[in-house]
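The structures come next, written out as structure tokens.
After this come two complexes, each holding chain A, first together with chain B and then together with chain C.
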Partner chain A sequence: MTSWHVPRVCCAGDNEFESMSKVKLTIKATIAVWMTAVVLGAFLLAIPKMPILEHTARNLYFHVPMWFTLMAALLVSAYQSGKYLRTGNIVHDIRAEQAAWVGVAFGVLGLVTGMLWARFTWYTGTGKWWNNDPKQLMAAVQLLIYGAYFVLRSGFDDERRRARLSGVYNLFAAATVPFLLYILPRQFTSLHPGADGNPAFDEITDPVMRLVLYPAFIGFIALFWWIYDQRVRLALVERALDEQADYAQPTA
Partner chain B sequence: MSDRPKQSGLSAWVSGTWAVFEKDLRLELRSRYALNTLLLFVASSLLLVRVGLGMDVLEPAAEAIVLWLLILFAAATGLSRAFVAEEERGTRLLLQLHARPSCVYAGKLLFNVALTLVLNLAATLAFSIVVDVSVASWGLLMLVVVLGALGLAGATTLLSALIARSSNGGALFAILAFPVLVPLLVSAVNATLESFGSGNPTAVEAELRTLFAYAGTVITASTLLFDYVWND
Partner chain C sequence: MRPYTPQDSVSVTAYDSVWATETRPAETQDAFERTMLSEDKLYVVLGVVLLIWFGILVMLFRNERKIAQLEKDVEGLGG
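Up next is the complex of A and B:
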């Protein structure tokens, strides 16, 4: 008869599962309520009708927070990679990988919501999905970097080596990204607010919309943290199970 | 290094770096493997471009892009060798014992810069002849080529050390390098285009500054991160 028990996970703080759970549960319940309010507000609150934009303006509540979330994920991932290189604690590598993973999910959503929105407002009538907007290109490059990061990771069997070398790549790539901010807007025109002499965001955005948008920023970043935290714990449990299996089976 | 005459910190570092560079240079001159690979790659892809074009003429913007893509792909085939060769010959441990990590990095960087300079100059000259580009300012074009070589070598040296530790190096190198090289490519293409057109350096000041700062940033980041790769 096999008996199941949850393996003890090392390093992350053995107490994390017991003592933190109540605090985390409260935070997560708050996020759930908060996001429900944001989504309701996003779809139900009356917004000023603008020609062409019409109700697509509601996409603002989803599209823009995706980018802030991607940036938050990017910072968390780079920070955790740096921390791994300094301390050699494998938990930081797991955190860096999961932050990148969730960041990619938000980045893809941001890209898709942006492409859809632009196709039917800015570029309506042209039938174009891709218009070399600097922000679009930057996002695509960042997603490619994370793609390379994951491919690099899959090339190593040794856990320590994988953590170390992919951490180096993560930090190295992060150092080159700021150049895109400077060089891309010079070559490509943008219809985004605040770029190329377009009116700034706060000049053209109705106060009612800000009432939903600002909470949406907080909500989506909190949602990122929730998923990220969940995935980190899952990865830690998986790792512990693997280790247990390694001990249980005699090596051939 | 212990049985060598005592030297002060900096001069020991410089001579250590030079020794690594000299070693690579000698090995290269013996076989000319990397150099021949790069030059033949440039020659054969140029020929493909020319044959594909037929009697057509490219737009200046397309010329600049083709030139830099050519350089980029040539670099992806040739520059990844720097550390892979140590791994293949089994000389990595020896190098680790005999030289400081920063000396190894600087020596390899120096060698890669030299190699990239030769590659970039050869590619640009051959390109301007074969594709019949009218260049307004050779000075500006050479400046872009040199700054581009610095950035290219700076970014790829660390990455080649990374992939040398991986089991599937070759293909991985391009995947890792290209997203990182986007800022370099965009500004180099812009500045090259200007050198084909009116050739006014002040018009592309931002691009030149970006190329310079990019080289500085990637070399600094590589210096900081190299220890983690080398001592793996």
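Up next is the complex of A and C:
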């Protein structure tokens, strides 16, 4: 094994590492305050009462950021996969996997929150939890594509082969994102705004909602980063422990 | 949509905020209660969401400390 791809797992005592952790902790505390403000704004800011929607209009603040967070996470994941394929540094493969994992978790939340919202807003009295809205269908397909990424990864014992092949797959998967989440759903009529050329907001959406929605985008993507950072660090500790076990028993 | 009436079903009446056989206590609402019950009880939902969010935050910050400890331990093990 050559040494150039062995990750520097941690370096407690290293000044650079310690000051970096302090900066990260400050950012995380800021996220905690920021997101609390977003939740307060989401509930306390008065919005016009619309028929059918009523208070569920506030779901906009939580449901839509799930998808922006998914897209941001998949972008990070594809970037890290590309970086792995260029450098061969396994840390980038670990980052790609964790970004996709946390991103898909947000995507699943986006899907189920949309189901709950639609069921009791536009499908009251029908009992329909799944309404085959084009965005709902394409989002489900998107999550399955990334589900296959994890299945593919689980099929390898050799971490270099796993990293290389799943890295290439991840780039193809990322290439489907703009089509499945952006272009295709806009070609059909849909419950979602944007189907008739409006980029994101409906004309009937009150401008006051932007005051909470845009900070919510930032807050949820930052929350993704927080969880992603924790999972990457845990994965690096796990890998270092595995390597130590391998040194102890070199025949394994 | 037709407005809700307590007579809609027996079960709705039975689990409503006032039991059918009970008489509503007269004017015991303090300011806090009046606030919480306004806006269709939206602030009760805010309370629930905030409790969950603070719970998640406690978990995240505890994770931070545990991971930092693991990072130190692994370095100690590796020499």
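Throughout what follows, the second predicted complex is superposed on the first by the 213 of 252 C-alpha atoms of A that agree within 3 Å, B and C clash if a C-alpha of one lies under 4 Å from a C-alpha of the other, contacts with A are read in each partner's own complex, and residues count from 1 in each chain.
Note that in this section a contact is a pair of C-beta atoms (placed from the backbone, for glycine too) under 8 Å apart; a residue touches a chain by one contact, two chains touch by 3 or more.
In this text the structure is predicted, and so the values were computed from the model without any measurement.
After overlaying the two complexes on the shared chain, residue contacts for A:L44 are found with chain C alone; chain B is out of touch.
In the superposition on chain A, A:A240 contacts chain C only, with no contact to chain B.
In the superposition on chain A, A:H55 makes contact with chain C only, while chain B stays out of contact range. Of the two partner chains, chain B is the only one that A:A148 touches; chain C does not reach it. In the superposition on chain A, A:K128 makes contact with neither chain B nor chain C. When the two complexes are overlaid on their common chain A, residue A:Q230 makes contact with chain C while staying clear of chain B.
Chain A residues in contact with chain B (one complex) as well as with chain C (other complex) do not exist. Chain A meets chain C in the complex at residues 9-13, 21, 25, 28, 32, 35-36, 39-40, 43-44, 55, 124, 226-227, 230, 233-234, 237, 240-241, 244. Chain A makes touch with chain B in their complex at residues 85, 141, 144-145, 147-148, 151-152, 155-156, 161, 164-165, 167-169, 171-173, 175-176, 179-180, 182-184, 186-187. Partner chain A is touched in their complex by these residues of chain B: 155, 158-159, 162, 165-168, 172, 175-176, 178-180, 182-183, 186-187, 190, 206-207, 210, 213-214, 217-218, 221-222, 225, 228-229, 232. Residues of chain C that touch chain A in their complex: 1, 40, 42-43, 45-46, 49-50, 53, 57, 60-61, 63-64, 67-68, 70-72, 74-75, 77-78.
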